[in-house]
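In the two complexes that follow, chain A is the common piece, with chain B as its partner first and chain C second.
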Partner chain A sequence: MKASLTLNKVSNFLGLGLFRTLKDLFANKLEKEDFKNFLRKTIVPLASILLFLGLWNIGAKALYNTEADFKIEKALQNQGQAAADALQVCIASGESSCQPNTLPSPSQVWGSFQSLLRDHNIINADKAAFAEKTAALNKTRIAEGKNAIVYTGRPSFVDQIFRSLRTVFAGFLLALFIAVPLGIFIGLSPTLKSAFNWFIQIFKPVSPVVWYLLVFMIVKTVLIGSADDSSFTISFISVGLCSMWATLVNTAMGVSTVDKDYINVAKVLKLGAFQKIFKVVLPSSLPLIFTGLKITLSVAWMVLIAIELLAQSPGLGLFVWEEFQNGANDSNAKIIVAMFVIGIIGFLLDRLMLMIQNWVSFDKTDAI
Partner chain B sequence: MAYLELNNICKTYGQGDNESQVLSNINLTIEEGEFVAIVGFTGSGKTTLVNLINGLLEPTSGEVLFKGNPVSGTSHERGVIFQNYSLLPWLTVEQNVLMAVKEAFPKREKAIWKRKAAYYIEMVNLTPATNKLPKELSGGMRQRVAVARALAMKPDMIIMDEPLGALDALTRGNLQDQILNIWGKDKRTALLITNDVDEGIYMADRIIPLRPGPNATLGPEFKIDLERPRDKTELNDNASFKKTRNAIIEYLMEIGDERKSEAKEQFILPDLAPKDFVNQFR
Partner chain C sequence: MNSLLKKSTYILATAALLFACGGKESKKETTTTEVETSKTKTLDIEKPQLTFGFIKLTDMAPLAIAKEKGFFEDEGLFVSVEAQSNWKNVLDRVIDGQLDGSHMLAGQPIAAGAGFGRQAKLVTPFSMDLNGNGITVSNDVWSKMKPNVPKGADGKPIHPIKAEALKPVITEYKNSGKAFKMGMVFPVSTHNYEIRYWLAAAGIHPGMYTKENVQGQIDAEVLLSVTPPPQMPATLEAGTIYGYCVGEPWNQQAVFKGIGVPVVTNYDIWKNNPEKVFVMTEKFIEDNPNTAIAVTKALIRAGKWLDEPSNRKEAVEILSMSQYVGAPVEVLANSMTGTFEFEKGDKRDMPDFNVFYKYNATYPFYSDGIWFLTQMRRWGQIPDAKPADWYASTIKDIYRPDIWKKAAALLVEEGNIPASDIPTTDGYKTATADFIDGTTYDAKDPLGYINSFKIGNKDKK
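So, the complex of A and B:
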């Protein structure tokens, strides 16, 4: 019972009726007229996933063959028949050194995913061993007032995911703390609105890359002489600045378009400015503010990759870039793994925001 | 001295060519403890008039005097019940009423505030719904919350802007009685804006028709000399009730016809008849 409740919660959170219908099917609770529903909600998504994987597989095979033929042809022209034959045998044998470099197939991607997880476990074990080894030494170092020795090895894929999430959340919070108060002020005062309008209109469409460069120019100078790694600071500030515009515009709009009836109530009840903002204006513009925050979070996650890549801040963006530069035979598969991970995390973040939104704000259709 | 006095009120919206005068030369006096109803067609400027009295709007010319002082801005001396309830949907019934209580009784303790709120909620028979959100209530219950909120400000005068317009006939009758009951207890001055002549006669001491806008003015007043408490079913057979009712309706119809004949353009309808639809297919 408890397990099925959690399953329902998970499936509701994901916004897919899939799990519940499946559960009903097994519990024999499905009526005949529900069958159509079952088809639509369970079979169709599963079929489309299979179709996608199949098309991907076929496409990957075709690309693989084209690339292999091209390689053999080139070997034939440059090095002669013997080299071409050797290459053909090498490719057919599946030897990793001579594989054509192209779109990986689904199974290769799955394999890379598993190897990344294995890699994570190895690095974790390594970290634990390091911590154990240095525990005694660190204690004495701290007692002597020195800095503890920390693990400086390569981060695993999972570590990089968490680092990226940290960057996004820091950037999101920055956007929240700048955009929401500023949006409220702009929405309340027409004077401030005309003062800030040009600013918003001009800076809103600026590309993430340019924001990164701007932040880099400033932070580099501000943090002069500091020993800390500034890549995290630079990347989260850039992410925040890129993504805050949706929240700013939506908040200003929500605040300036509060239902006139509510404003009249506030006037008739003689509410003070503070009470008016917190009891009337903010609650009634919450739905729009949250729409803005949702867009902000997804934009933040989207620009993160580009910014991490530029800032050399260890995270998914840098992972993708390094794999691309690396050019090992499983690099392409790892890039596709990162792509799926980025997509799925983006989706989960979006659902999370939706859940918080439903939780804190009233339904607009229920107003009056 | 009159309790509420409107002297030559004019209200125009817009400027220049877009200027339109909604109210012109409104004169009205209401004495303390009186229950006055203003009846008028929709769109005749009733809500504008209410907003001028409660201070949400300022007249273009003329003055509104409340207890001899000119009205500037809203005040909790004049409680308002809005046409569309205007409850804050994110607050419960109690919180909605508490907002008014807090403004009317500043610097009191929380317990006293809560007791006051509970008292006004009880007054409109909504105690079981204290912790519900407006969306969980029916239209009549929401309007009762609005009544409780308006009363919780301890107003000296209560202004009602078509408070029962959106309700069904049965709920409307019930609420009329409830409002009259509450009014009868301490005889606050009350102004009711309505489009229902029967409602006006049933509830008010005086009825004043509002001639439809633009340039709406007040018509001649009709005194209702029925004894309180009034009984709805008896009222239907009361000769004086019938006479007043007919007089008011006649007056309203007359000004309605007047407006029609005032229309400058004559619309000539084209001489069209439907095709002989059936024979077309023979």
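So, the complex of A and C:
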């Protein structure tokens, strides 16, 4: 019973009816008229996933063959038959030195995913060993009032995911604390609105790269003289500034379109400005604010990759970039792994926001 | 109302919790003590926790080796090494103090002290390697260039290939309305000066810099532009450039991927030329003098380890790890193990392609630094004529053999290197004509050297 409840919760959270229908099927609860529904909610998504993987596999194979043929053809032209035959044997044997470097197949990507997880375990063991090694030294250093020595190895893929999430949440909170109050003020006062309108219109479409450069110029000077790594600060501020516009615009719109009757009631009750905002304006503009916040979070996650890459701030963006630079045999597969991880986390964040929205708002719509 | 406030408090708390979960790191308290087995006498280290930067190139090897073989830890240093995206980024992060030191182009600390680009006081106590670069052209350019290259008895091209073979190809491109574009990694990089030297030796003008125009393309027959090293093969493949000068493994990568053909190495352009240096800020070495010496000690040991031929295979394995260079083992091994592959299948012996220790490679010679100053003046990066003694005095602030000597003396005392590995020198190598065009370079006469070139600025003595 408890398990099925959790399953319900999970499937609700994911927004996939699939699991629930699947469970009903096994519980023999499925009515005949539900069969069509079952087809639509379970079979069709599964079939489309399989179709996607199949097409991907075929496409990857075709690209692989194109590149292999080209290589063999060129060896034949430049070095003669013997070299071409040798290359053909080499490619068929799967030896890494002569493999075509192209779109990896689904199985290669899965293999890379597993190797990244193995790598994570290795790094964890290494961290523990390092902590053991430096324990005595750190004790004396802390006693002397100096900073402890921290792990000097590289972060694992899983560490990178957490670092990226940290940057996104810091940026998101920054956007929240700037955009919501500002949006309320702009929405309440037509004067402020016309004062800020040009500002919003001009800065809204600016690309993440330029935001990063702007923040870099400012933060670099503000933190001048400090030897700490400012890349995290720079990247989370850039993410926040990049993504706050949707919330700002939506909050302003939500606040300015509050039903006039509610405002009149507030006037009749002689509520103060503070009470008016918190008791009348905010609750009735919540749905729009949340729509804005949802867009903000997904934009934040999207621009994060570009910004991490520029700021050299550790995270998934830097991971993708380094793998691109490495150009090793499994680099392409690792990039695709990162792509899926980024996509899935973005999707989960979106559902999380929807859940919070449903929780706090009066209007219980299930819409996306 | 109340419930709304309560709920939003929950949300904030959850968000804060999620945020805090990010930096989860396992910390274990254990009380085991290590027994010191190395013969290294550790100095009184001011700053044991250090972060060094590097660019994904095989010549960052001394950093990777010093870390992986425990030479840094022997000195009581705990070092993280981080890959950086491009040379500009490396320079900025060292100057701004985010990196304690870095693998850098020899030209970078010199330009930072000589008035080109961002100015800062940088010093180098350690020269990381000699040679290690190559010039690669696209398949199309090579197919047009090949008929102009003289061939030996075995039908293979005779090396070194001079840029004369490229000249008709440039004319052909020009006649069909295409400007001939090539890539190098940074305006003050060895690569920029080497590809310019190679082109100019055949009478091809690579373009001048002036005070107002720092693109370096005035009067150019070949347009040189900047691309970060690891992106070179991809840029060549995309057809944005027709050739490039870059460090390893990015020439061999072009051979493996079948997108280009290396035509000449910088060993052929100038035998045993200085390449990368290890750079720290002057402030850092003044605040942490013992740390600077300890770092230099570890790096000298790494260089010595790397030049043991039997160690190269292991070095390649280490470099191929994704946090270092990350390129496949075969690609790295092609140039790191005493060979260099030009056209696919044309693999030649090149025992000195990567030198990390032999020929006093780690010693920061003033004469090596002055060569870069002469090239900066030759191409107009230093816009005004300077007197001969300016060259000597400028380089003395940047190249710091005094730190190298202290480190080396300690290593001799510990028995890690033989005393014969310390050169007796005033910092100037003897004049040499080991260049592709046979011009003699004497660091004590920089102006005479600048004036000996056909193409480039000339100064009155």
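Rule of thumb we're sticking to: the second predicted complex is superposed on the first by the 363 of 368 C-alpha atoms of A that agree within 3 Å, B and C clash if a C-alpha of one lies under 4 Å from a C-alpha of the other, contacts with A are read in each partner's own complex, and residues count from 1 in each chain.
Basically, contacts are C-beta pairs under 8 Å (C-beta built on N, C-alpha and C of every residue); 3 or more make two chains touch, one makes a residue touch a chain.
Model, not experiment: these values are computed from the prediction.
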Handout entry: First (chain B), second (chain C), both or neither touched by A:328
Key = second
Exercise for the section: In the overlay, answer first, second, both or neither for which of chain B and chain C A:270 touches. Expected result: first
Fill in the blank from the handout: The chain contacting more residues of chain A, comparing chain B with chain C, is C
Practice task
Could you say whether A:103 touches chain B, chain C, both of them, or neither, answering first, second, both or neither?
Solution key: neither
Practice task
Determine, under the contact definition given at the top, whether A:261 touches first (chain B), second (chain C), both, or neither.
Solution key: first
Practice task
Figure out whether A:136 sits in contact with chain B (first) or chain C (second), or with both, or with neither.
Solution key: second
Exercise for the section: Identify the partner contact of A:283: answer first if only chain B is touched, second if only chain C is, both if each is, neither if none is. Expected result: both
Handout entry: chain A positions touched by chain B in one structure and by chain C in the second
Key = 279, 283
Fill in the blank from the handout: The answer for chain C against chain A in the complex is residues 1, 4-5, 7-8, 11, 15, 18-19, 21-34, 48-49, 51, 56, 67, 78-80, 82-85, 89, 93, 96-98, 230-231, 233-234, 253, 256-258, 320, 322-323, 325-330, 343-345
Problem - chain C contact footprint on chain A (complex, rising order) - result: 70-71, 74-75, 78-79, 83, 96-97, 101, 124, 127-128, 131-136, 147, 149-154, 162-163, 165-166, 169-170, 172-173, 220, 226-231, 278-279, 282-283, 309-310, 312, 321-329, 331, 356, 359-360
Handout entry: chain B-touching residues of chain A, taken from the complex the two chains share
Key = 261-262, 264-265, 267-271, 279-280, 283-284, 286, 361-363, 366-368
Completion exercise
Interface with chain A, chain B side, in the complex: residues 54-56, 73-76, 79-80, 82, 84-91, 99-100, 103, 133-135, 153
